[in-house]
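In the two assemblies presented below, chain A is common to both, partnered first by chain B and then by chain C.
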Partner chain A sequence: MLLKKRSFYILFLPALVVLIGVAIFPFFACINNSLRFYDLTNPAKGTPYIGGTNYRLLFEDGRFWHSLLVTFYFVIFGVAVQLVLGYLMASLLNGVEKGSLVLPFFLIPMVMTPVVVGLTWRLMYDHILGILNYFIRLIGMTPQPWLGTESLALFSIILTDVWEWTPLIFLILYSGMKALPTEPYEAATIDGASIWQVLYRITLPLLKPVILVAILLRAIDAFKWFDTIYIMTSGGPGVATESASIYSYMIAFNFFNIGKGSAFSIIMIILVNIFCMIFIKIIPEKEVA
Partner chain B sequence: MADLAAKTGTYDIFLLDGWQTARYARAGYVAPLDDLLANKKSKYYCEDFAPIFLDALRYEGKLWGLPYYGHVGILMYRKDQFTEKGIDVPKTTDDLMNAAAKLTDKANNKFGMAMRAVKGEDNPIISTSWTWVFGGQWLDKDMKPGVTSPEFIKGATWFTDLLKNYGPPDVSRYSWLEVQNTFVTGNTSIIFDASDFIGRIEDPTLSQIVGKIGYALAPAGPFGPITERYPSHLFTAGMAINADSKNVDASWLFLQWMTSKDIQMRTMMEGGNTGIASLSAIASDEYSKTYPGIPVILEALKLANPNYMPHVPEYPELCEAIGTQISRAVTGEITAEEAMKTAYDEMYKVMDQAGYYKK
Partner chain C sequence: MIRKNKVVMFILVGVLLVFFLFPVYWIVTMSLKTRIQAISIPPVWFFKPLLKNYTKVLLESAFPRNFLNSFIISLSTVFLSVLLGTPAAYALSRYNFRHKRDLLFWILSTRFAPPIAVIIPFFLLFRDLKILDSHLALIIVYLTFNLSFIIWLMRGFFNEVPQELEEAALVDGTTDLGAFVRIAFPLAAPGIVASTILSFLFSWNEFFFALILTRKIAQTLPVAISGYIGFMGIEWENMSAAAVMASIPILVLAMIVQKYLVRGLTLGAIK
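Right, the complex of A and B next:
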């Protein structure tokens, strides 16, 4: 090592201080709060320790489980569709010469402010005034209450997410494809491999680490997805689109029950961590390097 | 909220939601105004606040804020369509249902009635105005949830049926904005909502139906005439003083000035605030000339009752339980009765955890 031990610690210190400030201290404060009765609108009761009561109340709450289920729908279906679409778009553009010229247009949804995305889609989904139903009427089909029924609302919300975040997966895969070596493809062409063989035997295995990273990033994002849902449905109709982030936000900042809200976020941290650990195990280390 | 809880007193004055008065007053974050009102009244004080708005800001007999904004529920309908179809202004909830049925033409995207049914606070303020005129109440006298009483379920069924059958198909996500949109674009014939909607629906730059709007008091429910129970749809925003404020006298003076009749008139004329709280300002010529619905609003202000929803600190949680379930019932996915059973369980849990049922 070039650096001596002491200088290593000195150089490491700023990062450590920042990390303690923004991540480590809040994390332990959150654990601490989750074990207390802590209601901002009931200061007379103080903030006594109540053991695992906040956790027990959550586990007994059907809405808590439902919000986790909704979240998993988002993670599984949302990311799956985004992956397929992103992959198709990337390979399409990869085959075009000077394809990177149109690249910025693909990225517009991703760089839009989520609140603007939410408001725009909320209006587009409107039954009477919305542009989606306008086109549906034009081609003579029945207009749909996009955000008005429970099953359709879930679908519509995921559709918006797909629109917004497919570009990210596309971008990651596209750059991954650009970096692929050309020799295997030349060899495959000479050997007369079919398109499918090239896809399964060469492209996918070579792209695997990139794909896994893309999935990981998007899945973590989808897990804590809040902004557009809050704008479009705030979890409704009923609880159909109420994800874990929406419900925990409601507990902590509408009901001001900081104790229960903290317990909720601790559970979410644990779930995301389990997911990440499994996922990182799947990615073979030498391929990542 | 964080600032109030930290008791810094940084902000002297804040806006207080009438329905959350109980919550903030119990927490000790708001200063009661009764002493100030009795001893330190200034010339700015508006003597003719609509009494109902003051009542909405009372909790445990004390006044916690001065009304800055408020509204009650009135019926707004399309005069032209009523005449065309020979419909009289509804006098009972049954009349309203029939009128909505006659005005609905789903094939052409014309709907009879729209009200807010989105989950959250919007919906219970309206939907339980109606369950109330059916005789239902949020909490019974033992503070147990009253939402599974036959009267409440009848009211909730009426409300959800009306919207399910004669409202826009995605009405379960309608908030005030969507209700206004569907009305001013001529797609829905009747709305029951806040009296301050007049500002938007009578504005020719924002509304396509100016001159065609009729105003009426909401119809009576099975419980009795509207003099007894009126679907109030009440909301008030009050200006309140932080309990930790170090400048109470100055704050009190500002509060009176900000809610004075003069300033109310100015926010109305220059700022387009149609939810003003002074009776004489509402009745003023300037206001009446611009907005034809004023006599109805003044009448509704006398009839509305601030007790159709409970003034308890647990209001937000209870509100969420009822609102979410009514919204579900409006989608048609479950019946109003099933929805109210779920709401009962959630409300019971909230009240139980808050310690209401300990022996």
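Right, the complex of A and C next:
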């Protein structure tokens, strides 16, 4: 072992203290606040303990369940579309000579400031002045209120997310494909395997670790996703695109109900943890350590 | 047959490039148009580019101050994260102990925490300390994602530096801390620079915490731009000029760390 024990502590303790401060403090403060009546618009009542009332209020709140459902849609559909499209793109570029030349262009959507992404798409989605409806009319279809109706808004929001993050999945899978061994494919060609057999029996199993990493990261981000939704619809129309991150923000910072917002936070922490634990069980040990 | 396949593939790559680049092209060209051109349908494809919107945003809005705020906050939080995180990353790379894996996972998991759970306690704390809407408030909160990111990513870079060189230095009489500063640190420098830049990029782009913690004085660029949407109505040309200026530093930095971008965004999982 290279470091002496004392040196290890000198190097690590300062960071550990700060980490505990910024990570542990909020967690316990949230638990504490979630068990209190804590309303910033009603300071006269103080912040007395009320047990599990905030949690009960949430569970009885249809909007809470709806926000979880919307989040679920984002996680499932958003990530699924990104995965399929990213995979197709990676296969395509992998087959094109000098395909890596265009890679830098695909970096732009994912590094662009998300607020700018949201703004750009909001302008493009505009019902009357937006470029998207211009193209729609150009090909002879009916212009749509992209962010204006409930079912369409959900779709449009996911489309923006697909634009922003498919490139990441694509790049993950592309580098995964570049690292694939060639022998199994040569053997498969000799044995006369079909394209689908090659995909299911060779490519997907070999890419499984990178695919899982991609899914894990994107799913967690989709769960936390706030910025572009807030810019494009703020959860509307109605509550159609109101995800858990948007609704919990509303409860805490628009309705100023800190108690209920904290209870929501704790529930979200639990959900993320359950999800991660399931996933870490699936990912082979060596891929993470 | 092969020829034909090639053509189809090139067309498909072209379609993808158009899909992923058109929105960028659209916002950039819009920032160079007059208001009438910016909102005209059918769109104006050919026009004489103007810089008027840029000068207007720079001279007649709070943009310069927001830009400076973003810069100060991002730079400070990254500086602190690197200062604390680099030694910690090295320590976690070169020292083994029981439950190290659990500790590493805990550090990683702080990045997965829902932002709302982080911000409510900090909001209340900063309100009591009367430092809402200050640089300091955001610098502290941004440590929640930057520090663990820096530790996690840099540990990976240190792991790639062969230990033998440091061991040789120890034999020559250097202390272990000296070996870190004089040998491992310079060898891991490219990775350290990349992590630093990525961390800056995340801080610059961050919106949620800044939305809650800043109002006016310390308002960062993303929050300011989100505010334009309500106030400017159809001043699309000015909005897009501000948006483009906010994105330029990020795109430049991203191109510099291109090679490490996917590694950073996947928290080191994909090399």
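Definition applied: the second predicted complex is superposed on the first by the 269 of 289 C-alpha atoms of A that agree within 3 Å, B and C clash if a C-alpha of one lies under 4 Å from a C-alpha of the other, contacts with A are read in each partner's own complex, and residues count from 1 in each chain.
The rule we apply is simple: contacts are C-beta pairs under 8 Å (C-beta built on N, C-alpha and C of every residue); 3 or more make two chains touch, one makes a residue touch a chain.
Small disclaimer: the values here were computed from a predicted structure and weren't measured.
Shared-chain residue A:N54: touches no atom of chain B or chain C.
Touching more residues of chain A than its counterpart among chain B and chain C is C.
When both complexes are overlaid on chain A, the residue A:L19 reaches chain C alone and has no touch with chain B. Touch criterion met: A:L129 reaches chain B and chain C at once. When the two structures are aligned on the shared chain, A:F8 is found in touch with chain C, with no touch to chain B.
After overlaying the two complexes on the shared chain, residue contacts for A:T203 are found with neither chain B nor chain C. With both structures placed on the common chain, the touch criterion links A:T241 to neither chain B nor chain C.
In the superposition on chain A, A:L93 makes contact with chain C only, while chain B stays out of contact range.
Touched by chain B in one complex and by chain C in the other are residues 128-129, 253 of chain A.
By the touch criterion given at the top, residues 40-44, 57, 63, 125-129, 143-150, 153, 233-239, 250, 253-256 of chain A touch chain B in their complex. Considering their complex, residues 1-2, 5, 23-24, 26-28, 109, 117-120, 168-173, 178, 181-182, 185, 187, 313, 316-317, 320, 324-325, 327-328, 330-333, 346, 353 of chain B touch chain A. Put simply, chain C touches chain A in their complex at residues 9-10, 12-13, 16-17, 19-21, 23-24, 26-27, 30, 39, 41-43, 84-85, 87-88, 90-92, 94-96, 101, 104-105, 107, 109-110, 112-125, 140-141, 143-144, 147-148, 151, 163, 166-167, 170, 175-177, 179-180, 201, 204-205, 207-208, 211-212, 221-223, 225-226, 229, 234, 236, 239-240, 243-244, 246-247, 250-251, 254-255, 258, 261-262, 265-267, 269-270.
Listed in rising order, the residues of chain A touching chain C in the complex are 1-5, 7-8, 10-12, 14-16, 18-19, 22-23, 25-27, 29-30, 33, 89, 92-93, 95-96, 99, 102, 104-124, 128-129, 131, 134, 163, 167-168, 171-172, 175-176, 210, 213-214, 217, 220, 223-224, 226-227, 230-231, 245, 248-249, 252-253, 258, 261-262, 264-266, 268-269, 272-273, 276, 280, 287-289.
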